[in-house]
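The two complexes that follow have chain A in common; it is paired with chain B in the first and with chain C in the second.
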Partner chain A sequence: MQVHRFEKVWLGAALLLIVGFIATIAYGSVGVGVGMVDDSGGQISAEAVQNGNTGTQFDDPGVVQTGEDKYTVYVVARQFQFVPGSGDNPVQVPAGANVTFRVTSADVVHGFSVVETNINTMVIPGQVSEVSARFNEPGTYGLICHEYCGAAHHTMGGSVEVVPPEEYDMQQENIDQSADDAQAQEEADQ
Partner chain B sequence: MVFVDSYPKTSKLVRSEFIVAFAALGIGALFGIIQSLHRTGVFRGFISSADYYTILTGHGVLLALVFTTFFIAGLFTWAVANSLERELPHRIAWSAFWIMLTGTVLAAVSIIGGLVGAPSILGHDLKADVLFTFYAPMKAHPAFYIGAALIIVGSWVAGLAYFKALWEWRSENPGERIPLQTFMVVTTMLMWYVSTIGVAVEVVAFLIPWSLGLIQNIDPLLTRTLFWYFGHPVVYFWLMPAYLVWYTVLPKLAGGRLFSDPLARVVFVAFLLLSTPVGFHHQYTDPGIPSGYKFIAMTNTMFLLLPSLLTAFTVVASVEHGARQRGAKGYLSWLRNLPWGKPAFAGCMLAGLMFAAGGFSGMINAGMNINYLIHNTIWVPGHFHLTVGTAFALTAMAISYWLVPQITGKKLQLRGLASLQPYVWFVGMAVMSNAMHRAGLAGIPRRTAEPTYDEFAFEGVAGTVGEMRLQIAIGGFLLFVGAAMFLIVMADTLLARRGGTLSVNGHIPEPLSGANHSPRILDNYKLWTAIALLLIVIAYGPPLASMVADGLFAPGSPPIPV
Partner chain C sequence: MALSRRQFVGAAAGTAALAATGTATAQEEPDYGGWFDDVSNYDGTVDKRGQDTVTITVGAQGNNGAFAFDPPAVMVSPGTEVVWEWNGEGGGHNVVSDGDGPLDSGSPVSEAGTTYSHTFESEGMFKYVCVPHETLGMKGAVVVRPGGSGDGGSGGQQQQGPPENPDYGGWFDDVSNYNGTTVDRTDADSVEISVGAQGNNGAFAFDPPAVRVTPGTEVTWTWTGEGGGHNVVSDGDGPLESGDPVSESGTTYSHTFEEMGVYKYVCTPHESLGMKGAVVVGGPLDGSGGGSGGESGQEGGGIELSGPQWLLSGSVLLAFFSPLLFAVAMRRRQNGRPPQMGGGGELQRATGPEPVEEAAETEPAVELGHDEYDPKGTAALVAFYFVLIGLLWVFMYFVEFLGRVSIIG
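Our next item is the complex of A and B:
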């Protein structure tokens, strides 16, 4: 087969470009440690998520502290809200902590994307999406469902509030305190 | 002799296929302008935000499935008849047409049902607001799935007509090389057969029985994986016909000839081999799929750049050769010696130029980890409006200016309008797609009627959000005007009287480096199909096996009406 000299040069350059792309992506995964969403989240029954009887933390979704500076956020996506996340129930996490999001769906396919970060995963009924991240900057981050999920899909948004660690601890103490107070009050009432 | 006089039966078929394609293009473009005005907030008076998704489904199905499939059927019918110099077996070819048309009507009626209050038909609400990816467990009317299946089945039958014509030709011309256009058609169809298995299994084995209530649950991850097994090769099913035009007709329009026949064959074989084992790159952010499989898909995707990069070289070299035949000199000034006022040439060139831009944003999409930043943002439709929406659609429109006269015997009408049309499309797409890409970088999602939220506001990364919205609306408007200009020219040409001598003909000049320089092994379809299947088994075997290992329908989801 006859291949022109210029074609050979072009072919070589094209192959170099391709191998270069693969190398940078491999470096991003191995060197920088950009992990992929994968099967680590495991499976779950979507019907049980809908009925709140999975026997897991998804029955009472929210933020759970799992160690020093380690938090797991359980989020249920359903038509047309994130619990927690949407409306006046934002996801609250401390800045600088290791946060793992565990997200699943109670009904159809949703998306879970924290705007302007690389937290971006599909939420598929029957599967749990697991994404780890660290927010270094305190602030409010937008949260959106980016997969069409029904007639009011465009209303399905939310926010992630990243607060300075000291403030976060104080808030938690206040919540714990008020919970304790409520319990004490309840016991006193009885 | 004009094509229509040499092959009157085949010409009638091509005309019918084109007319359905053009009708779909017209309705799809109307839906497009409604969407671009609605989601940007420029004008929301046509539809409610809930109906936006019905319009979006119609736009996707009519343009990405119906317009493309019918136009490609027409183009391939012409290319096979033209290069093998024979009428196509018309009984098979016409059955294909009617099967596809029945499917189109079923799918269109179920989508339109959503706009008229979703009346109950045969016990199911007549609506299909599920978009053209129809991810389960959102459920459409069964007629929608049956219609989609018939469009695919019809395209399979159309392929049989090309194969039969090739067999007949081979028995009359033993030992001769397959003419390049037919080689391209057959290679594309082999790729299409291999890749549509995924969606056929998804729709026939799962979605149709599930939507009819014959099975209770289906596995949403398994069905979307089967969809994307087909969902990436389908873009090559759109692209390869555009390549057929760029390789075989564009050099002639430039006044020259194709640079290299062997390289053209190599490129098409590469597409047959690599188009399918890449589907997981649409599922980089899916849970339930180990990252190793995603990495394999990423590697294959990157190598799939090779045939397109080679095409860029060959097409530009062929056009440059044409310009030099016309007396051009200099490194870049040859660009001036090209027929930029001829709509067929200008349209193909502008489509190719935009495809280069689309290729670059595609490299970002393919980049497994950088994809996180843009996945399911409006960047993605920004990308594919450059590829299917311009590389394919503008090439289809451009070549119609050249081809429709040959299949009707009528001269192209309204030439001034036709000459301007590719430029209107190009400018409209440049404005719209650029703004969509930038909006995607700001995190603004695709597939939404109102991209604004109560909890926070988007901030532009390059430019402001308001300016991007305006550009998307202006670009969308120009594209609608461009589609309308094309359809007016086509209608006027099809309705014109026959008379005079045509200035175009279907003769394809011999390439500079001809078929006799191509190794014969390139024409060995059995070998290439076998390797293609092997690559698919490697890429898809283990993940599909693990998805079905826990039961075909588990973890299961019942249908959820939208």
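Our next item is the complex of A and C:
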């Protein structure tokens, strides 16, 4: 069979392209460090999440500082809101820090997608979905549930606010301050 | 589907004796300003005044699931303790005031048996929601209003509004088509009265002349077109005023009666002939009220459509059958056209036992052969595709994907 010279050239080029695609993926995961969602989050009783007696941070979901520039955000997804995240209770994280989202569901399968980022995972009752990310620029990202979860699925959303680190620290101090004040007040009352 | 007010009044009257609760009558129904528009299980305010504690179920069936408060709207006396009790269905619920308000049960909980209570001391309207399910219509309201205690217990027995055959005070003495009974239409949402019906020595009557309806019923007068110009005007001071007499058939005039009472009306030009009528607005009559659909009044079973509904269903049907109509129209046009004979290789309609001859196979005018392989042209095309794929690859992976915040573990 006679194959034209040119045809040989683009057959070779096509093979190169495939090699290039694979190399790109390898570069993304090894060089850049793009991670995958796996089962590292572990398991949890959905009923306990629903009733708030898991004995973990999911009983009082929110942002927890776990180290220098390391934060863990505990989020409970339930019909039809993220706690925190939805309504006037956005997730607030500092820019530039390593933020780990630990998300679980109290009822049915939800989705957890931070819009315009690659943070995107299913939220399965009984399972903790764990994803880490670093937000370098301050800004506000949307947060949506992208797994149909019931009649008001379309209303289930929220936001992630990335604030400059200094501002974040100040806010935390204020919160701590007010908490201390409240405690002092309580003690004074007694 | 929400129960209509009359059904609710009927149901409430039926159950009132057992539940020892009354129904807020029409004039007492508070204005919620559209608060309950998307609440499927709202069908009026339940009057529980006079009770010390009132319980509201959280997670009751409604709003396409267990996303409702039951009862959604409740009226209580000042000082009443209202207890919200979770039934454990529909996920986590809470009770939080709409805007500024005293109610806040905290984070949503789902455990059955959870309770939250609040004692309402001051008068007013307290709207509240379940935050996670507000958009589904899980909303409620507590209206705190004094009075009403005591009448709840007897609410079941007592007939609301005027009696079955009110004393019209000789109003119908000269009305020939009034036979001494008031037609009971307390089971209908809308009632039609014909204007210009036979009676009073001509087409000078309202039919039925006397009709009983529940508060909130829309009464529509429909002109028959007979007996000259008629109108519908209240006797003395009243809400009815259809304007100058008109005679055109199909004219309608309607009024929705909210308050209980007896509404007498006349046709001004023919009042002296006995063209008079009355609408009695009151609760359902004993016997016919509690059941579903009384024996009197409308013949049950059929679907009743009002004007706009007719219009809507008509258009839907028309839209549905429009392809058929189109096909029929096309066919008629085709049939109307004289059959075209022969010529120009056009398709010919078989008109008779004409012998059909198979067309002879002819030589093709142009033979379509394979193009010669053009190595340079093909190479250019392939190169273009490669460039395109390469650009998309770089853009999608390096710009779109890696340019975003990524999962790093």
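One rule holds for everything that comes next: the second predicted complex is superposed on the first by the 170 of 190 C-alpha atoms of A that agree within 3 Å, B and C clash if a C-alpha of one lies under 4 Å from a C-alpha of the other, contacts with A are read in each partner's own complex, and residues count from 1 in each chain.
Here is the rule we go by: a contact is a pair of C-beta atoms (placed from the backbone, for glycine too) under 8 Å apart; a residue touches a chain by one contact, two chains touch by 3 or more.
Note that this is a predicted model, so its numbers are computed, not measured.
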**OP:** Mind working out whether A:106 is in touch with chain B, chain C, both or neither, as first, second, both or neither?
**Re:** second
Original post:
Is A:21 contacted by the first partner chain B, the second partner chain C, both or neither?
Top reply: both
**OP:** Classify the contacts of A:158 with the two partner chains as first (chain B alone), second (chain C alone), both, or neither.
**Re:** first
**OP:** Examine A:127 and indicate which partner it touches, taking first as chain B and second as chain C; both and neither are also allowed.
**Re:** first
Original post:
Does the superposition put A:52 against chain B (first), chain C (second), both, or neither?
Top reply: second
Original post:
After lining up the shared chain so the two structures overlap, which partner does A:90 touch, if you call chain B first and chain C second: first, second, both or neither?
Top reply: first
Original post:
Touching A:80, do we find chain B (first), chain C (second), both, or neither?
Top reply: second
**OP:** Identify which of chain B and chain C touches the larger number of residues of chain A.
**Re:** B
Original post:
Does the superposition put A:10 against chain B (first), chain C (second), both, or neither?
Top reply: both
Subject >> First, second, both or neither for A:1, with chain B first and chain C second >> reply: first
**OP:** Using the superposition described at the top, list the residues of chain A that contact chain B and also contact chain C.
**Re:** 4, 6, 10, 17, 21, 24, 28, 34-37, 87, 107, 116, 118-119, 141, 150-152, 155
Subject >> Complex contacts: residues of chain A adjacent to chain B >> reply: 1-4, 6-7, 10-11, 14-15, 17-18, 21-22, 24-25, 28-29, 34-39, 41, 43-47, 86-87, 90, 107-109, 111, 113, 115-116, 118-130, 140-155, 157-159
Original post:
Any idea which chain C residues touch chain A in the complex?
Top reply: 63-65, 67, 90-92, 107-111, 131-133, 135-136, 373, 375-376, 378-379, 382-383, 386, 389-390, 393, 397, 401-402, 404-409
Subject >> chain A partner contacts - residues on chain B that touch it in the complex >> reply: 49-50, 52-53, 56, 129, 131, 135, 137-138, 219-221, 224, 259-260, 262-263, 283-291, 294-295, 298-299, 302-303, 305-306, 309-310, 313-314, 317, 363, 366-370, 372-373, 375-377, 442-443, 445-451, 453-459, 513, 517-519, 550, 554-558, 560, 562
Subject >> chain C contact footprint on chain A (complex, rising order) >> reply: 4-6, 9-10, 13, 17, 20-21, 24, 28, 32-37, 50-52, 78-81, 83, 87, 98, 100, 106-107, 114, 116-119, 131-136, 141, 150-152, 155
